[in-house]
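Next come two complexes, and both contain subunit A; in the first it sits with subunit B, in the second with subunit C.
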Partner chain A sequence: MDKIEIEPTKSSPFVRFDPDDGVMEIGGESYPENSHEFFAPLMAWIAEFLDSKPGSAVLRVTLTYMNTSSTKYMIDILDRLEAAHGAGTPVRVEWYCDADNERTMGTVEELQEDFAMPFDVIPQEF
Partner chain B sequence: MMAEFDLYSLRNTFEEQGVMICFNGPFSHSVIEELGEAVRRYLKSADAPKSRVTDVFSVFVEQAQNLKNYTAREDSLGPNGTLVIAREHDRYLVSSGNLVEREDAERLRSRLDDIAELDRDGLKQLYKKRLREPVEEGAGAGIGFVTMARKSPEPLKYSLRDMPDGTCFFTVSVVV
Partner chain C sequence: MASGKRTRKASTERLFDVTDDPVVAWADSVAADETRHAEKTYEDFLRLRKHYATLLRRFEQVTRLSDSIQEDLKLLTDSLYEAARKDPLTGLSNRREMLESLATQIRRAERHNEVFSVVLADIDHFKAVNDQHGHEAGDIVLIHVAHQLEQSVREEDICARWGGEEFLICLPHVALAGATSVAEKLRQRIDTRELSVSGSGIHVTASLGVATYQPGDEIDTLVRIADGAMFEAKRRGRNQVYVMDGR
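Entry: the complex of A and B
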């Protein structure tokens, strides 16, 4: 499998997915013009990666903003990871949030409620 | 010949109503990005707390992307719409207006009326439900309104006005 490396724009996040160490990083702003076009290749990559029964999978999120359609896709990603976790793949989610912004912390904590896999919301200075 | 434009009275109207930012014209993605940056810069310079900046920015993005994606009869430069962000004391009002097809107008009315009946907890339940509905290409306005309602201490206000060409002029206003 190839790596995915996408540079950020004003409205779309940077992405670094590496099949060798199983780390999937996504960060920055996320309100792309067409969220389907942006996220569909990422979803396909994740499906293939998880099907390969990797030794571990880590999702590292440092998004500063996501619009509602990006949020839907992030939930899709989390659902896939949760399923892999249920099937025995060691999965971890590390979601970094601005410690001074109660709104973004709250949004992510609300997502966290729905998952049983290891899912840390980590306050950080942005 | 075009009449001379009365910028002075337009400016007074904006100042009386606390308008910070107003855009009227075709909404392209790059317009949304540029206005978004301006919104954030303006709010930071007004010392708004970070969570307030996030809320206003978020309501702005949802409205602007709705304008871009759901406006009827777009011209060659893109969908035309009007978006205004105004400030009154420590509250911000984000409003937008655009033409929509009449059948879409009825859908908007029933969605917004449903949302208006919900309390905080009901809005959270509906938000979570919509987040898990299958992602359809280009369809997201339903959850956008729920997101806006959750960020506002007051119910969303909207209006629909029939236009002679068979479309409706739709407005929505959100206090943040």
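Entry: the complex of A and C
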């Protein structure tokens, strides 16, 4: 499997997915013109990666701005990871949130409760 | 919208695909299994499936509308942020952004025992440029000087239009001697680059004052010292750099 390395643009986040260490990192601002076009290849990569029964999978999220459809796709990614966790793959989610934004923190913490996999919500100064 | 006309390609892909939804697929499979039909339950079940599909469609519409509004708001916020911090004529930071940068520099200097300096540059006889060549030429001179400043400093330095023909440059991690040589470099660069405005050459110079942060200094203290030095440079005949003694 190849790595995914996508540089950020004004409206799309940076992406670094590495099959060797199992770290999937996404950060920056996400309001792409066509979110399906942006996220579909990422979803496909994650599906293939998790199907390969990796030794570990870590999702690291450092997004500072997300539109609604990006949020939808991020939740789809969490669902996919949760399924892998259920199937025995060691999965971990690290979701970094702006410490000054209580509403976002609260929403991500609510999301965290929906999942059984290890899921850390980490406050950070952006 | 305030951001003007942008063409936004409408995507046809569904965010919520009813034909690919696990709940709908499950409902379909139960419905297809005649052994599981009891007259009434089956009708309720179909109604449920229909509602669920409608819900997905609604969610799709809501998401598209939200995305569109969020994009407009994001671009508007970014442009307002930019407008509130940049000088529209020269594109340099404005006074507000410089004040924020100075506050950050002072916090950092206090916390980590760091050093930084400021240079205040004022164009000499700027009024005469305006009187002789007109205000448009004056604007071109301001843009030209701003450009010279930006070209001479490092990436991490901040140049701002401080007032009318006054520019303030903040030099992180630079002590007095370094700042003085930066100021001298700026002076030379402005002095040696003549500007041509509608056929006539305009030569401008600047007087510059330097100040370096010392523990306990506030923004006002620092700018006042740079200002005093700049006035002393003017008094001594302009087109020069001055550093206050005793500081």
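A few notes on this one:
Please note the rule applied: the second predicted complex is superposed on the first by the 126 of 126 C-alpha atoms of A that agree within 3 Å, B and C clash if a C-alpha of one lies under 4 Å from a C-alpha of the other, contacts with A are read in each partner's own complex, and residues count from 1 in each chain.
Criterion: a residue touches a chain if its C-beta (ideal position, glycine included) is under 8 Å from a C-beta of that chain, and two chains touch if they have at least 3 such contacts.
Values in this document were obtained by computation on a predicted structure and should not be read as measured data.
Annotation for the three-chain superposition on subunit A: subunit B and subunit C clash.
In the superposed model, A:D114 makes contact with subunit B only, not with subunit C.
Residue by residue along subunit A, subunit B and subunit C are tallied for touches, and B comes out ahead. After overlaying the two complexes on the shared chain, residue contacts for A:S11 are found with subunit B and with subunit C alike.
In the superposition on chain A, contact is made by A:I75 with subunit B only, not with subunit C. In the superposition on chain A, A:E33 makes contact with both subunit B and subunit C. Within the superposed three-chain model, A:D98 lies in touch with subunit B and out of touch with subunit C [touch as defined at top]. When the two structures are aligned on the shared chain, A:Y65 is found in touch with subunit B and with subunit C. With the complexes overlaid on chain A C-alpha atoms, the stretch of subunit B that clashes with subunit C is 132-140, out of 6-14, 96-104, 114-122 or 132-140. Subunit A residues in contact with subunit B (one complex) as well as with subunit C (other complex) are 11, 31, 33-36, 65, 67-69, 72.
Contact residues on subunit A toward subunit C in their complex (touch as defined above): 11, 29, 31, 33-37, 40, 65, 67-69, 72. On the subunit B side of its complex with subunit A, the touching residues are 29, 32-33, 36-37, 50-51, 54-55, 57-58, 61-62, 65, 124, 128, 131-132, 135, 137-138, 140, 143-144, 147.
On subunit A, the positions that touch subunit B within their shared complex are 10-11, 31, 33-36, 65, 67-69, 71-73, 75-76, 98, 100-104, 110, 114. The part of subunit C that touches subunit A in the complex is made up of residues 8-9, 11, 13, 15, 62-64, 66-67, 70-71, 74.
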